[in-house]
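In the two complexes below, chain A is the common chain; its partner is chain B in one and chain C in the other.
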Partner chain A sequence: MTELPNSTDRKMGLVIDLDTCVGCHACVISCKGWNTENYGAPLSDQNPYGGDPSGTFLNRVHSYEVQPADGHAQLIHFPKSCLHCEDAPCVTVCPTGASYKRAEDGIVLVNEDHCIGCGLCAWSCPYGARELDVAEGVMKKCTLCVDRIYNENLPEVDRIPSCVRTCPAGARHFGDLGDPDSDVSKLVAERGGMDLMPEMGTKPVNKYLPPRPKDQIEEQIDILAPLLAPVAEEPQGFMGWLDKALDKLPGGAN
Partner chain B sequence: MHPAPSVIIFTTLSGLGFGLLFFLGLGQPAVTGKVAFVFYAIAFGLACGGLLASTFHLGRPERAWRAFTQWKTSWLSREGVCAVGALIVMGLYALGAVFMDSYWTLLGWIGAALSLATVFTTSMIYTQLKTIPRWNMELTPAMFLSFSLAGGALLAGAETVAPWLLAAAGAVQLAYWAKGDRALENSGTNLGTATGLGDRGAVRAFEPPHTGSNYLLREFVHVVGRKHAQKLRMIAFVLGFALPLLLILTPVQGVVIKHVFAALAVLSHLAGIATSRWLFFAQAEHVVGLYYGKR
Partner chain C sequence: MTFQQPRVETSPPVSDEVRKTTCYMCACRCGINVHMKDGKVAYIEGNRDHPVNKGVLCAKGSAGIMQVNAPSRLKAPMMRTGPRGSGQFKEITWDEALAIAVGWMEPIRHEAPEQLAFFTGRDQSQSFTSFWAQSFGTPNYAAHGGFCSVNMATAGIYTMGGAFWEFGQPDWDHTKLFMLFGVAEDHDSNPIKMGIGKIKKRGARVIGVNPIRSGYNAVADDWVGITPGTDGLFILSLIHVLMKAGKIDLDYLSRYTNAPVLINAEEGPEEGLFLRDGDGKMLVIDRNTGKLTPFDQPGVRPDLSAVYEKDGITHRPVFHLMAERYLADEYAPEAIAGKCGIPAKRIRAIGGELARVAFDEAFELDVEWTDFRGEKHTKMTGRPVSMHSMRGVSAHANGFQTCRALHVLQILLGTVEVPGGFRFKPPYPKPVEAHPTPHCKSTPDTPLDGPHLGFVRGPEHLALKEDGRPARIDKAFTWENPMSAHGLMHMVISNAHAGDPYKIDTLFLYMANMSWNSSMNTKGVMEMLTDKDENGDYRIPHIIYSDAYSSEMVAFADLILPDTTYLERHDCISLLDRPICEADAAADAIRWPVIEPDRNVRGFQTVLIQLANRMKLPNFTNEDRSPKWKNYADYIVNHERKPGIGPLAGFRGENGDKEGRGEVNPDQLDKYIENGGFYVAHIPDGADYYKPWNTAYQDWAVGMGIYDSPQPYLFQLYVEPMRKFQLAAEGHGERQPPEHLRQRVKDVMDPLPIWYETDQQGNEGFTVNALTQRPMAMYHSWGTQNAWLRQLHGRNPLYVPTKLMREHGLQDGDWAKVTSPHGEITVPVMEMAALNGDTVWTWNAIGKRKGAWALEKDAPEATKGFLLNHLIHELLPAKGDGMRWANSDPITGQAAWFDLKVKIEKAAAPQDLQESQPAFPAQESPVGTGPKELKWKVGK
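Let's look at the complex of A and B:
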């Protein structure tokens, strides 16, 4: 049944640090790699080497420019995947029961054998976290690497989502956000972790850590700077003569 | 939103078909035998044709039967249950009218209620989506229901109520457009809330995640045709409501001319509703477009 569980034992999810993300897209590639070879149908590509390539991805990295009222613009890389919402609208709209949220860890999954590919769950998701696979005709979404995190065939260090394992900057963290004493919960409390589109009422489990404020470039960066500044604004001596002489040549002054 | 032909055909035809079934269930027109057969053939043709068209947009149509299971939470599932219920009940009622020259009144009322419930559940599939502010309004079910009743009355030849229902549907349409145009702005969702970065300054989509297109952009961001929206609204309003109203209110002599006028009114209404439904999808902005700096 596509009823949401009243509560989940744990709230497994990701914490994404917008201050640290360098926008390398390594998480996108590792996600595509792992999830094409493992859980469910492969993530297909259409026309991958042609003029108009497109394909199914569970994680995509946007880049945004933020221009404050005063000060310099800041570029922020922004990875986005399923937020495994507590009040996930994608689950309740599903007509077949293919879409469900697990009571034990809060992971939102799709039973691909029951999915009819109507697309309504993707319509209901404000984050664009679900994509219909064109080749398979079923809905694909982030599984939080459910086939890694409990997989005892993998070394313990690898029992985290592929994107987290891959991130070279350490911008992605995985853990139980329902446990206030977990490392991820502490990180969220310390850094003011935020929800995306809180007004949608989806109560996302994944949190985003806002970028730290940038250093301000002062007018005078060094006490020696005034001594190093050019002494004359107007050219003097030989350069002054050359400047005037060139201005007098046909073509006029610049 | 991408205006998929299958969904436009489905909502337009089945809305009209279930509208006619509603009136037939209430015994309007009171027909039996061959005439009744023609009326029911039209109603079932429209309703079933629409429902069949809706399966064309499924990725896995062969599993469509599973969609009847989740009526507890899903409006799409409820719609399926109501539609099948309405078709079965009205099918039985039609058997009585066509072959036995008898009206099973109670069955007709149940069928009429289920027909209207089908249209309502269809509208709720769209209305429930907070992600599309233009649909997430009380006027959406009002629009679907009023269109269905007006179209049904036209087809059923309910001369006394049809003009009133058409006028009401036209008024709902105008209100829907007026309110819908401000819906995204009034929802309070923008790139600032989408990224959580809005309180730091003006947020601009600098670089998309990929150079090509993707499912999200194809499904949720539609720009072609929006530039003609005002013209299309005029066409939809004139064909859907004004012209049919004029045609049925014009006093004419003779049964043949009267029927020709009524047929023209139905066809004009159908074309108008299809245009309006196309705009319903094409103009709907999904908030995921914000992440791409689009609407």
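Let's look at the complex of A and C:
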């Protein structure tokens, strides 16, 4: 068993906007690229050109269909990576201390030198956010790009996780969710940001912004229909309207 | 264990060097930072300074690292040793390869240049490849636009001097309502995602019109799950309700469109053409004076209402004809709701919302500008409604008129080139008059008489021989499809095999997977490519193919010219070609070899120069018979289309300080590299809206070399060139359509947008629409060889709506037999609820032939993957008249992929193999297969 820090100075995490995520997987591959080349062992791929290709990813996008009782079915794209929980069961379950939560920023990491690849952490994570790298035999997970966000070799503007930097739709936000005045905390407050599976008691740091209500336009017909009131019922009437309307234009007769 | 925390290196070195170039993982052409370690590619990210992507990058772009290490990369030139289709080759030297190619092509050039058909696929160097083909002298050149989105491009140019994507974009900073028609995820991908993100953040509304609610439609606030092929009818109904309510921008229509232009009503050869003065200028009635006057005179107020009476004939303005047509009850929402599969109430609500946002949310920018009539304006009126569309509405045989209708809707609302609306990107706006006409006169040992592709103004510009037969192998610019501005690549193999209109000797293809996912009737095409005549010779005698990868098409070629990957080559993304500009800036870019090839491959454009030099092609050869250019980089820098205008607009002149026009700068490529691989020239403030009519923009464009003189013009609600074809069909003029096409030309070449049901002959009993789209994380067939991307989209079930799943007793993982009038496939199915109830679809080009792309034979792409292409024929079902009717738009020749109708039934799993049907024997892989494991880390 490994202990969590009593508290963390900051709670760094992601806010993911499900209203805007188009499911393009840009974050998935950018993450794969950065983390294959950087922190720890490369994210390996087994059978990359074969029958059942299977590689290690720290971030995946799932798509779910939602069928409301009334109205059209909807498709929700749902990116998922480690949520850097305050009460992270993956840390407390670790037999070697390899899994840990950083005291300064709350990032949950795996010290690969101490990881024995037992898989207990992946089993304990209710979100399925950890993947065992088959080639290296160590547990891999989102590092929140700990090797980017403080990296003095990167321009300041780029000291954000790779997935956030690349997201074309701007659906991913990074910041300190422990600071109520941070941009991400304000966004969560404004948009009703949610915990994923709060009933699990893990207190995830990452938050999801829910999709806005959809398919409302027909309900606004009472406001919109009057805008389409015909100017005249007969074609000749239309021409009469046209003449009057033209006279009202700038430079017109009236 | 008590809390303990190891020290983590939080500032590791990121790379040795960053090389900035242009992505080519799709056609979007984003700027990328290629991080290098030990001379190898370590990581690819978006370039924050780049005008297209501003730092972001899609999945494809980031996966570029897996493209440059792909095991499917061809290694050396190859000569076929086994039968066509087998994939058996031997490697040869470049000297041998070039000699063989010249040995086939040079005699053709001396005798009958049209016997070379040179077609390029996803070519981003069309101004160069067309220049090469023109110099060779063959009329048979085009790229892949004919089977992609020519309807969109052509309808846009004819209507308003530009279309979507490369031509223009929504004013993302101001728009409040964005309406998206059809699948659009595969082009302009990052800018649209960025735009959607930006406007949703502001709370703007997104309406998606698409039978499939995936991708952008999944995030749309309102989804319109329209019946495929009926978008035009839906749009005309919106036009109906808006016109009827007077919710149209009359001021805009009278000033900037041909709505007030008078139509000749006198029976005869000019009926339906514009009334013009002696200088050819369109005539309007000036509302100030009531007099007939040229449209462009200072102070004139063109009248949308007044008619012109002469000799007892009433000549009416275009707007009268529009009112007469679109106010008719046949376009009422209630009349079309059933056909479109959209409740009338929903159509009215959308019409109301368009009216509300365009007019009630109109705003003004305090920006002064002067129009082409010399009138000064103190403000710019914003109408914050914008629209976008791409392949979805294009790929139907009524797609041209649908795209026209869409642009007419935008124009009626006054939302084109105004704040908040749709804005052109330089070199657009560009009226039809500023484009070339097609040219097809080929003469031995002589360049073609002009550019191959262009915009016909009437029957006089058709590419017909003196006897009326088609001059081009693809029958572009003929009565079958008069406005086929991008050619018909999808008909080349079929026509060449049939010898219709004539036989060819050599088929030369670049980057086009024509034996697989880029052809209709894939099985038939494979047979055509391997078919032999009575002498035992292939019916298409020689096939030369250039590709960077071991695609399905490689197996069918006789000679392979291996291309480089995109990080190993020079390219230019030119204003002469398919530019990457923004609405407020002109921009172009280069690619440069950020790594050197580790194989015996050459950039295709350089190979074309080497072929030209061996053949001493005119335009490539100096007077002393020495070659003008040694490679593509040399051409990019030193070629001048006109004095001072070359492929790249930036850093011109001796000192590299001129833009647009300027002398050749030998250091130009270095300057581009220093600048991040691109160049941007900003449009001055006040010149950035109302561009077609704004004198400040027009003057800037002349300075940039975009025009030689100002080109203000009117938007063409009524397209006069179309009327000219109708007149011919009515019996006027010397060039007459053949009798079997006369009525069709008259019907479809309507100068005002119409909707018609596409040809349904043979579709009896086939009631389900079948569509394809590309996932956002892949582009055409290249994606599947990519170790990372194929883990995202390695399978393509047929997505079937809940209703049809129930009707046919299907469950996820079951197999269904899908039949069209042309063929049959057996494929796995998956239920999708967010889908039009009479539509099925799948991802395109996931399915692979065994042995291709260096994949192992049990790859899911090659076992369960499938192509819908087997169900789509390049010809319509025979009509019993002996004619070969193309499955294409009768106006542009656009391949009508999405007109496909099928029926489905539950099937047993095919054999024991669990393979989709039809299955084909494997091709041999000239490059073997990839490794069993990847641990790709290039840094120490």
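Basically, the second predicted complex is superposed on the first by the 215 of 254 C-alpha atoms of A that agree within 3 Å, B and C clash if a C-alpha of one lies under 4 Å from a C-alpha of the other, contacts with A are read in each partner's own complex, and residues count from 1 in each chain.
Note that in this section a contact is a pair of C-beta atoms (placed from the backbone, for glycine too) under 8 Å apart; a residue touches a chain by one contact, two chains touch by 3 or more.
The structure presented is a predicted model; accordingly, all values stated were derived computationally and were not measured.
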Touching partner for A:75 - first (chain B), second (chain C), both, neither: both
First, second, both or neither for A:116, with chain B first and chain C second: first
Touched partner set for A:67, first chain B, second chain C, both or neither: both
Touching partner for A:208 - first (chain B), second (chain C), both, neither: first
Contacts of A:3 with chain B and chain C, given as first, second, both or neither: both
Which superposed partner A:137 touches (first chain B, second chain C, both, neither): first
First (chain B), second (chain C), both or neither touched by A:28: both
Larger contact residue set on chain A - chain B or chain C: C
Which of chain B and chain C A:127 touches, first, second, both or neither: first
Which superposed partner A:194 touches (first chain B, second chain C, both, neither): first
Those residues of chain A which chain B touches in one complex and chain C touches in the other: 1-3, 25, 28, 52-55, 57, 63, 65, 67, 73-76, 97, 114, 136, 211
Touch list for chain B against partner chain A, complex: 1, 57-61, 63-64, 66-70, 72-77, 80, 125, 128-132, 187-189, 191, 193-197, 200-210, 212-216, 219-220, 286-288, 291-292
Of all residues in chain C, those that touch chain A in their complex: 1-6, 8-14, 35, 37, 42-46, 48, 53, 55-63, 65, 71, 185, 189-190, 193-194, 196-198, 200-201, 207, 213-223, 225, 241-247, 250-251, 254, 287-288, 301, 303-305, 319-320, 323-324, 327, 343, 345-346, 348-353, 355-356, 360, 776-777, 785, 787-792, 794, 802, 832-835, 854-856, 858-860, 863, 929-939
Complex contacts: residues of chain A adjacent to chain B: 1-3, 18, 25, 28, 52-57, 60-69, 73-76, 78, 80, 89, 91-98, 114-120, 122-128, 131-134, 136-139, 194-201, 208, 210-211
In the complex with chain C, residue positions of chain A that touch it: 1-6, 19-26, 28-30, 32-34, 36-38, 41-42, 44-55, 57, 63, 65, 67, 72-77, 97, 100, 102-103, 109, 111, 113-114, 135-136, 146-147, 149-154, 157, 162, 165-171, 211-212, 214-218, 220-221, 223-231, 235, 238-239, 241-243, 245-246, 249-252
